[in-house]
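Order of writing sets the chain letters: A, B and C. Residues in each chain are counted from 1.
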Amino acid sequence: MAPQYAPSLRSRLAPLLLLLQIGFIVIFGFYTEIDDRVTTDDGTSFKNFYPDFQDVNVMVLLGFGFSFTFLVRYGFSGTGFNLLVAAMATQWAIVLNGIESWYYRGKIWINLRSLIVAEMCTVSALISIGTVLGKTNPVHLILIALLEVSGFVLNNWILQTFLTVRPLNSIMLLHIFGAFFGLMLMWILYREGSEKPFEKEKFDCKTGIFSMLGTVFLWMFWPTFNSVLVDNYPPGRKLEAMSGTYLALAVSAVTTAAVSMLSSPKGKLNPVHMQSCILAGGVAIGVSMPVVHHPWEAMTIGFTAAVVSTIGHRYLKRHMVLSFQCHDTCAVLSTHGLPGLLGWVAHFLLIKDFDDHTTAIRFAVFHICTLLLTLGLSLSMGIITGVLLKWNFWRSPQDRKCFDDQAFWEFPHLAVQK
Amino acid sequence: MAPQYAPSLRSRLAPLLLLLQIGFIVIFGFYTEIDDRVTTDDGTSFKNFYPDFQDVNVMVLLGFGFSFTFLVRYGFSGTGFNLLVAAMATQWAIVLNGIESWYYRGKIWINLRSLIVAEMCTVSALISIGTVLGKTNPVHLILIALLEVSGFVLNNWILQTFLTVRPLNSIMLLHIFGAFFGLMLMWILYREGSEKPFEKEKFDCKTGIFSMLGTVFLWMFWPTFNSVLVDNYPPGRKLEAMSGTYLALAVSAVTTAAVSMLSSPKGKLNPVHMQSCILAGGVAIGVSMPVVHHPWEAMTIGFTAAVVSTIGHRYLKRHMVLSFQCHDTCAVLSTHGLPGLLGWVAHFLLIKDFDDHTTAIRFAVFHICTLLLTLGLSLSMGIITGVLLKWNFWRSPQDRKCFDDQAFWEFPHLAVQK
Amino acid sequence: MAPQYAPSLRSRLAPLLLLLQIGFIVIFGFYTEIDDRVTTDDGTSFKNFYPDFQDVNVMVLLGFGFSFTFLVRYGFSGTGFNLLVAAMATQWAIVLNGIESWYYRGKIWINLRSLIVAEMCTVSALISIGTVLGKTNPVHLILIALLEVSGFVLNNWILQTFLTVRPLNSIMLLHIFGAFFGLMLMWILYREGSEKPFEKEKFDCKTGIFSMLGTVFLWMFWPTFNSVLVDNYPPGRKLEAMSGTYLALAVSAVTTAAVSMLSSPKGKLNPVHMQSCILAGGVAIGVSMPVVHHPWEAMTIGFTAAVVSTIGHRYLKRHMVLSFQCHDTCAVLSTHGLPGLLGWVAHFLLIKDFDDHTTAIRFAVFHICTLLLTLGLSLSMGIITGVLLKWNFWRSPQDRKCFDDQAFWEFPHLAVQK
């Protein structure tokens, strides 16, 4: 197929990117400062924090980027747009997260912690993007990222201000927020004819391994992702978070394989399960981390999450398309949505240290409100974003160009397509 | 070829995995605890150790996983089964390594050090698995991993208890243990007709690069692997171990290239040499590390290891198949076996600080016993495991399904095989 | 095409490698020592430095290695020769960088810092190699690396001794040195008929993603590359360098995408831009780092660098071939050369803290001399190296074997080329 002119890019995406980027530079110029209010011993703490920052960075750019490469003709878009979106969303998240600091102290301070928090907001956006990957153009993706990050930061602020949720706990709801935001997106952006897979929505032996590469990176560095923001007080909390995540992921991988084989008509492993559901343990333990103190708790959560996620993927994905007209490219609902909810439930069940009934009930009410608020905000922001994206102005790609790099990339020296 | 029902997976592997996993959760529930017996300054030491742990983790999951992807139709199995085996074997190794602590103190303590040691036991199992990759089903791999880890932990315990070998030194024998365990496996599991390569036992341009990716990760993080457990006493020991390994690997890479060209009939480089023999220096220096204090010693060991490994691969691999009926998929014998033995010899030759003749002879006797015990135990455990795997109950794959993902994975949306 | 005997390898490269390697071992044996002159608190500082060393190591071996894999038939050579050259050049750089220490103190001390500086010299050589990749044989590459490293170390010594440039600043000129050294190489080694692309000089969907992998690794770890040698004095300098680089790279990625679409006749993205020009921000900020203290400065530099680099690649690459007979395989001039110069200019414009006019003029003269000296030395070393490589003795590959692995690698079990 001869490549054609791409209207959505030159006259929509390029001006949008330039405008936003120049805007960001101006905002950063007036309102941000690098955090040099450090004492002498900061040398140590910077060095202690920096490898963790890099692990999170690798997850965002490489982990998510390459787990989006499984589509046989969409590899450049998967990695390239992921990089583009991450670069944009992180800048936006730095600004939004700093509004409070700007309000009280006149400056947004940039340090390693603020960069890590910004990257976590970006992860939330990347999860949403997984639901509509291949069926949207990059203008859509940028808009989704900006609105999703805004919604997620707003949600954090509401939870922390009105429900006194701790920052770490509200940030870890990113899986739930991202998944349900994405659910609305795919529902609104549903295309007729998605009941049977798109012509190019498939993977081959090589792209599957690229995707496995991304998954392995996510799997390896997930213990960092869950433990990086944990205060090491009382000492050992960080080790608890890290080794709990590690064990949950290990159990998750083994369980996913077993359930995948048991639920397959031919008794075989499904590569998609090994590329997404093995991460379910990390998601669930992330959400329930504050109350997990023993290895067996972490492992049981990992076990349950893998069962829920694998069965969810096996039966739910198909059902969602047929009954609810929701087509989920990267199986986000079963990888992040269900295990996230499970983690919320685990948090509920495992918490023990109450003084009396009143605190227990108080906690229960707050915990339920946290979930309801998060779900409500993510669903409504998802609807708003979805409706905005329906607007024809953004030139949504035609059905036959879905999942195809050719629509967005020029290949002057490309070898003949084999 | 239409995919068919896979008897070995659903009715053998899935129940085995579930049973073992639930068993592990129960054991962990009763006997393990996360190590919170930490003083306040642990925050620092956890942070100091954590990046090293991640390097080892990356080697186990990504390094070994992707160096197993070179087979043209076995990429999913290479990475997927590696992940599965690693998740299983590490849990098992944590339990076994903790038996002594459980016996004396009633609990198995999980901390970063115990996770790293467990991952190293896993490496030993992955080395063995390299010998039979593609000719076995995943049930076999899980059994090999569990038995190999058991044997290796037993070997460590015997060496440390009866021969007072230091923990670090006995752990570094993992290369020798893994390789000779694997040697017995491939001898017993030999298939008639392996004299000429299997139909699908080949690589192509793309899978070769995936494999190179794994090798590069192993090569880059090998200095961490060798130095992570070194006590930094006297100060500088860790730097010695790390930079010695780095230099040995660099020399190894250069020497491998030269010897590969000199020994090739057409004077060309062999990609397999650049993917396995360049690691020989890291193996040899790992085994001989306690006595290597000068850069030239490390470099000479790297040089010799590369020569032995490359020549070994060029001539030994073919010879092993024809004369001894040992078919070695990943050239483990020349990558880990021979350089491991060379490291043992180097340890023997380079040790100097003896007070008198008696200590020297005492050391020599102990050092020889160490090797003989390790070889004896690895060979006998290898035979036991091999015989167990011969049992028809495990449904060994047919010859024509060797080295083929189709036997184990379902590909619902797979692009037409080009 | 049947593989044939490769004269350049067996009788040229293999003896050269062995000779050099044995020579290095002898030199290291007599003159180097591992740096054990450490105080007790070194344990901490080694651990603090080690993750950064690994980041740089990953950039050299994986980042550059895989960004050289984009050529459809040159993947093994891209990664393999990169590893070989890096292993060789780093040893050579350790020796050369240590000459001064050897002269005054009789020993070359090896520690993490000296390894990192040596790897940075290697990066300079790898940049040059990018210009002639595929049109040379590995003997050429080894010679280029050795001579380039020699020139670069000489340049550092001259700048530091006669112009009192700080070590960090002179090392960061590696981008300019490497690019202009490479410019001369490609000019002298120009082949007739390069106006139209070589038969095999193209990429396909899979090799493009391998190359993207390398780029993403470079992009992710560039903040480490720029900040690793920064003294953390006054405290916060390291954070400034690191977060400045991060922001510049993020802006660079976004701007590259926009400019690439605006300058494309079809309004599409060019994959090569997303694989090279997104790094321009890191290059420019690296050269100008000492004077960048505010986020907006870093971001503006990133913005300008991306514009210059993308437009440079779009129009300059073609122009260089037609008018100046310079064929640049990896677009080194627009990725490292122009942004490097831009960084030099930014350094000039942003410096502020002058006491009076005299110091300002003094700085200007010194700053201009620094550039002129670097350009002069890199261009003249490039010419010398180029002329040496023209010598027929090295058996330059024929035109039809350019960009082809078959000329250098034996593929005994290679799957039939699909």
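By our rule, a contact is a pair of C-beta atoms (placed from the backbone, for glycine too) under 8 Å apart; a residue touches a chain by one contact, two chains touch by 3 or more.
Just so it is clear, the structure is predicted and the values come from calculations on it, not from any experiment.
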Fitted rotation between subunit B and its twin subunit C in degrees, CA, nearest 5: 120
Copies subunit C and subunit A - interface residue numbers shared by over half, same or different: different
Separation of mean Cα positions, subunit B and subunit A [Å, integer]: 34
Rounded Å distance between subunit A and subunit C, as computed from the means of their C-alpha atoms: 34
Set of subunit C residues in contact with two or more other chains: 44, 51, 206, 213, 418
Touching residues on subunit B, where the partner in the complex is subunit C: 44, 48, 51-52, 55, 72, 197, 201-206, 208-209, 212-213, 216-217, 219-221, 224, 232, 234-236, 238-240, 242-244, 246-247, 249-251, 253-255, 257-259, 261-262, 264, 266-271, 274, 278, 293-296, 299-300, 303, 418
Interfacial residue positions of subunit C with respect to subunit B in the complex: 3-7, 9-11, 13-15, 17-18, 20-22, 24-26, 28-29, 32-36, 38-40, 42-44, 46-47, 50-51, 54, 57-58, 61-62, 65-66, 69, 73, 75-76, 79-80, 83-84, 87-88, 90-91, 110-112, 115, 206-207, 210, 213, 405, 408-415, 417-418
